[in-house]
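Heads up, there are several structures right after this.
One chain, subunit A, links the two complexes that follow: it is found with subunit B in the first and with subunit C in the second.
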Partner chain A sequence: MRRAGVVALNTFREAVRDRVLYSLVFFALLMMAAAVAVGQVSIGIEQTVIVSLGLSAISVIGVLISVFIGVALVSKEMDKRTLYALLAKPVRRWEFLLGKFGGLVLTLAVNTAAMALGLLLVMLYVKHSLERSDAVVLVAVYFILLKLALIVALALLFSCFTTPLLAILFTVGLYIVGLYVQELRDLPVEVMSPAMAAFTKWLSRLLPNFENFNVMAMAAHGRAVPGALILQNTLYAVVYCTIVLTAAAVVFSRRNLK
Partner chain B sequence: MPSSAIEIENLTKEYPFGFLHLKKKTSLEGLNMQVETGEVFGFIGPNGAGKSTTIKLLMRLIFPTAGSARILGKPISDVEMHREIGYLPEQPYFYDHLTAAEMLGYFARFQDLAAADRKDRVQRMLKKVGLDTAHKIQLRKYSKGMLQRVGLAQAILHDPKVVILDEPMSGLDPLGRREVRDIILELKRDGKTVMFSTHILSDAEMLCDRVGVIVGGRLRGVGAPGTLVDMKTQGMEILFELRGASNAPLLSKATRTGACYRLHVAEEELYAAIEQLRGAGARILSVSQVKATLEEFFLNLVGADRAQASAVEVSGK
Partner chain C sequence: MKSEKTIAWVLLLVLPLGFAAIWRLQHGIDAQRAALSQERDDVLLRSGRLVKIMSLEYAPLLADIYWTRVVQYYGNKHVRGQANLELLWPLLDITTTLDPNLLISYRFGAMFLSQAAPAGAGRPDLAVQLIQRGIQANPEYWRLYEDLGFVYYFDLKDYPKAAEAFLEGSKKPNAQLWMKVMAAKVAAEGDSFATSMFLWKDIYDSTPDPSVKKNALLHLQLLKVRGDCKQLDALADEYAKRYGKRPARISQMVQAGLLRGIPGDPLGFAYILGENGKAELNLDSPLLEQQLLLDRFK
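Here is the complex of A and B:
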């Protein structure tokens, strides 16, 4: 575990030196532009516009980082053969993998927290005050972070057994499918053959459900998120990540480096 | 304590290839070999012989099709045993974003060293491999030889008992090679076991207690460099200088470079030859024994292999 921590800190340092946090500049510029624009046109809907825009930006930036860096985490080290010397050290392969995951999630947490702070500042600027109900924005950001951790785990899993390009495609594909899992669950199973119905049911359970993490509408209107949902999403992310990372560790532990 | 530092038993590696991975290429075939504690062992063979394959199998970077290996009496799957091993990969490459000192510091963290000790060691190692002036440069800006040096530093940083180096001299300038030779000898003096692969036979002859010769994935011979080849003197070589003309009969057999001549004679004809040359007014510069070298042994093996391969090809038609 301690060794995984060592790997995680190095991964964080690498991400920082590779200028991942520059995405914050982009976010800041976007939010400033939005604040100015909102200030000029709309009356009464500033909250909705700013929060929707801010959360969307946080989510999109995070997803991009998760997919691209998540896939590169292990494949880049295999490609450049930086792994060789490291794996000869007293470190297990799953510890390395866990460290890589932890390092990127830490990076995303710092990045996302900074963007959330920026969002709150812009809200303060346009509304001149913050209320208790605005804390829902933080819950929304937390959900985004959970979602990102799940994406990183998936990216890591795919990169353990396929090429980086395919891993990116699989991860993005699964993410998009995961946004619509609810639709799959709502399909009218009564009209299907029993086999088909069972298949649909299992598929909808198996696929990652990203829809539950989206509380943007609630946040935009300042409605509170129920505590049960926070608990449910946290558990869901932890369990799902554990399963995916275990699978990744199993694949990676048997893999011959080239 | 077991007497063998590294014990390799029937180690075999096949790589599947082709359609549906139906065909197999054998990179290493039933390797049996021991490296004794405290010795310097040279692993020599031509390109593609299976040297790196063996070393990567030992490091669990790839997994064997069959066979097993033990290091310091422990199975190679034992992670804790890796505290006692140093490994230099072939053509090492390290994290672009780190400086040499940061990289060594990072690796040192896996070795349970106290923080102060870590820093101190890193500095000492950088000095030892001649990088103390470059330690603040990011590794992306390092030359091949510099990377090789950092690679060596990380292999011996934690004072391991067994050091396995895959072509430690490659990419180094003459000075660097000397330094690496000195480091290997120093490790030996400290009672460490060193196994290194190379194609440079003179390095192996100079450094190794024993060498193993591998060709085409099979071990062809193990032993002290001297015992692998027939050490019977194969004649004498006389180097002499001759100004002006002479009609001594031996001169026609000598090879000439300017005023210098080189002459190969059988051992029993040596004195007669010297007499004759002196009579012709030559100045003898040196007389030396001609011995078969590891190189000839090696070339013979590789040559035989090539001949065999082409014979198989012909009979296969």
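Here is the complex of A and C:
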């Protein structure tokens, strides 16, 4: 585990060196522009739009980083042949994967926390004070981070057995499908054959349900998120990441790196 | 070294000149396009459900964008004095489907829809539909019942339903006490000056938007004019009783001691007596145009 921690720390350092945190500048500019402009062009939604826009930006920036850097975590090491030097040391392949995952999640956590702080500052500027109910924004940010961790795990899994381009397509595809799990559940099963209905039900339960982590609307309207949901979503993300990372570790350990 | 200097000079020359040319060209293109194209409003996707599905997880942000589009669409039409607001309903439909908890869109949307042209779309039926949808999504929010009562009272003149809406709203958490009083008053009296004044005053006091505030102020001013003219007509009747003929000018009522001076409308313009002997707004008063405009679309 200590070896995985070292890999994680180096992954974080590498991400910082790769100027991943520059996304914060974009976020800051976007939020400042929104804070000034929204009040001029709309009615009564200053706070709502600041929260929706802030959380959407955190999510979009996070998803882009998770997918593109997540996929490159393994493939870059292989392209540069640094992986071979690393695996020649007493580091197991699963430890390497876990470290890479931890490093990128740490990067995302720092990035997301900084953006959340920026969002709260803009809210303070717009509202002139923060209330207890505004804490729901932090819950929404936490859920986004859980979602990003799951995306990183998926990106890692796909990058273990296919090309970077396909891994990106698979990850993005699964992410989008994961947003429509509820739609899948709402399909009219009455008109399907029993086998198809069973398959749809089975699929809708097993696919990663990214809609679970979406509380943006609640945050925008200052509505509290139940504590049970926070716990359930945390467990869901931990269990799902464990499954995906285990699968990734199995695939990666069997991969012929010659 | 020399070539670098040349490049720098070329850049210094080309960039400002180039962008200045682009600036002018764009003006020319804009003028050409404006002459070629007619004004075209369009909502490409009219299904709120489809827009919601396509919005991935960003429906609340998209709802804010659509709401801003509603405000801009209504504002542009309003400024140009255009009565055709046919896209208002599809835009509001999409906004509220994307975010059923965006209360402001129900409240202001209903106002934009219900009022007679040119202040609104003149579709109180759609306003009722919008508010009822809002109530379904936010059953505990009493202000939506107030808005429903408002539309029934002013635009549909359906006083029993207005009273019912006020009463229902009065049972909700945090509802103001006057909701119950209003329910009883509207049920008993129907249309009344005091009720109208109170409702517009509440809109005036509670709205955060300057244009809605201005609209409420205009209605309050016109209501005041209505009340003043009614009183002046009563005094003219009194004058007719005393002198056997109606006064031709308000100054005659002043001379008869019925008035202390010539009264003015809320903008300070003196009232006049029309050819039929009834009190009315001065021809110079800006309120006259507004009154005629509202009466024309009633």
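Note that the second predicted complex is superposed on the first by the 251 of 258 C-alpha atoms of A that agree within 3 Å, B and C clash if a C-alpha of one lies under 4 Å from a C-alpha of the other, contacts with A are read in each partner's own complex, and residues count from 1 in each chain.
Note that contacts are C-beta pairs under 8 Å (C-beta built on N, C-alpha and C of every residue); 3 or more make two chains touch, one makes a residue touch a chain.
The structure displayed is predicted, hence computed values, not measured ones.
**Student:** Put the two structures on top of each other at subunit A: do subunit B and subunit C fit, or clash?
**Tutor:** On the shared subunit A, the partners fit.
**Student:** Name the contact category of A:176: first (subunit B only), second (subunit C only), both, or neither.
**Tutor:** Only subunit C is touched by A:176; subunit B is not.
**Student:** Quick check for you: in the superposed arrangement, does A:228 touch first (subunit B), second (subunit C), both or neither?
**Tutor:** neither
**Student:** Once chain A of both complexes is superposed, is A:1 in touch with subunit B (first), subunit C (second), both, or neither?
**Tutor:** After superposition on chain A, A:1 lies in contact with neither partner.
**Student:** Classify the contacts of A:210 with the two partner chains as first (subunit B alone), second (subunit C alone), both, or neither.
**Tutor:** second
**Student:** Given the touch rule stated above, what does A:59 touch, subunit B (first), subunit C (second), both, or neither?
**Tutor:** second
**Student:** Which partner does A:18 contact after superposing on A: first (subunit B), second (subunit C), both, neither?
**Tutor:** First partner only, subunit B.
**Student:** Taking CA centres, what is the subunit B/subunit A/subunit C angle in steps of 10 degrees?
**Tutor:** So the C-alpha centres give an angle of 150 degrees.
**Student:** Which value, in Å, gives the least CA distance between subunit B and subunit C in the superposed three-chain arrangement?
**Tutor:** 27
**Student:** Which subunit B residues qualify as touching subunit A in the complex?
**Tutor:** 56, 59-63, 79-83, 85, 87-89, 91-98, 106-107, 109-111, 151, 154-155
**Student:** Residues of subunit A touching subunit B in their complex?
**Tutor:** Listed in rising order, the residues are 3, 6, 10, 13-14, 17-18, 80-92, 254, 256-257.
**Student:** State the interface residues of subunit C toward subunit A in the complex, per the touch definition above.
**Tutor:** Those residues of subunit C that touch subunit A are 53, 56-61, 63-64, 67-68, 71-72, 99, 101-102, 104, 108, 208-209, 212.
**Student:** Under the touch definition given earlier, write down the residues of subunit A that touch subunit C in their complex.
**Tutor:** Subunit A reaches subunit C through residues 38, 41-45, 48-49, 52-53, 56, 59, 176, 179-180, 183, 210-211, 214, 216-217, 220-221, 223.
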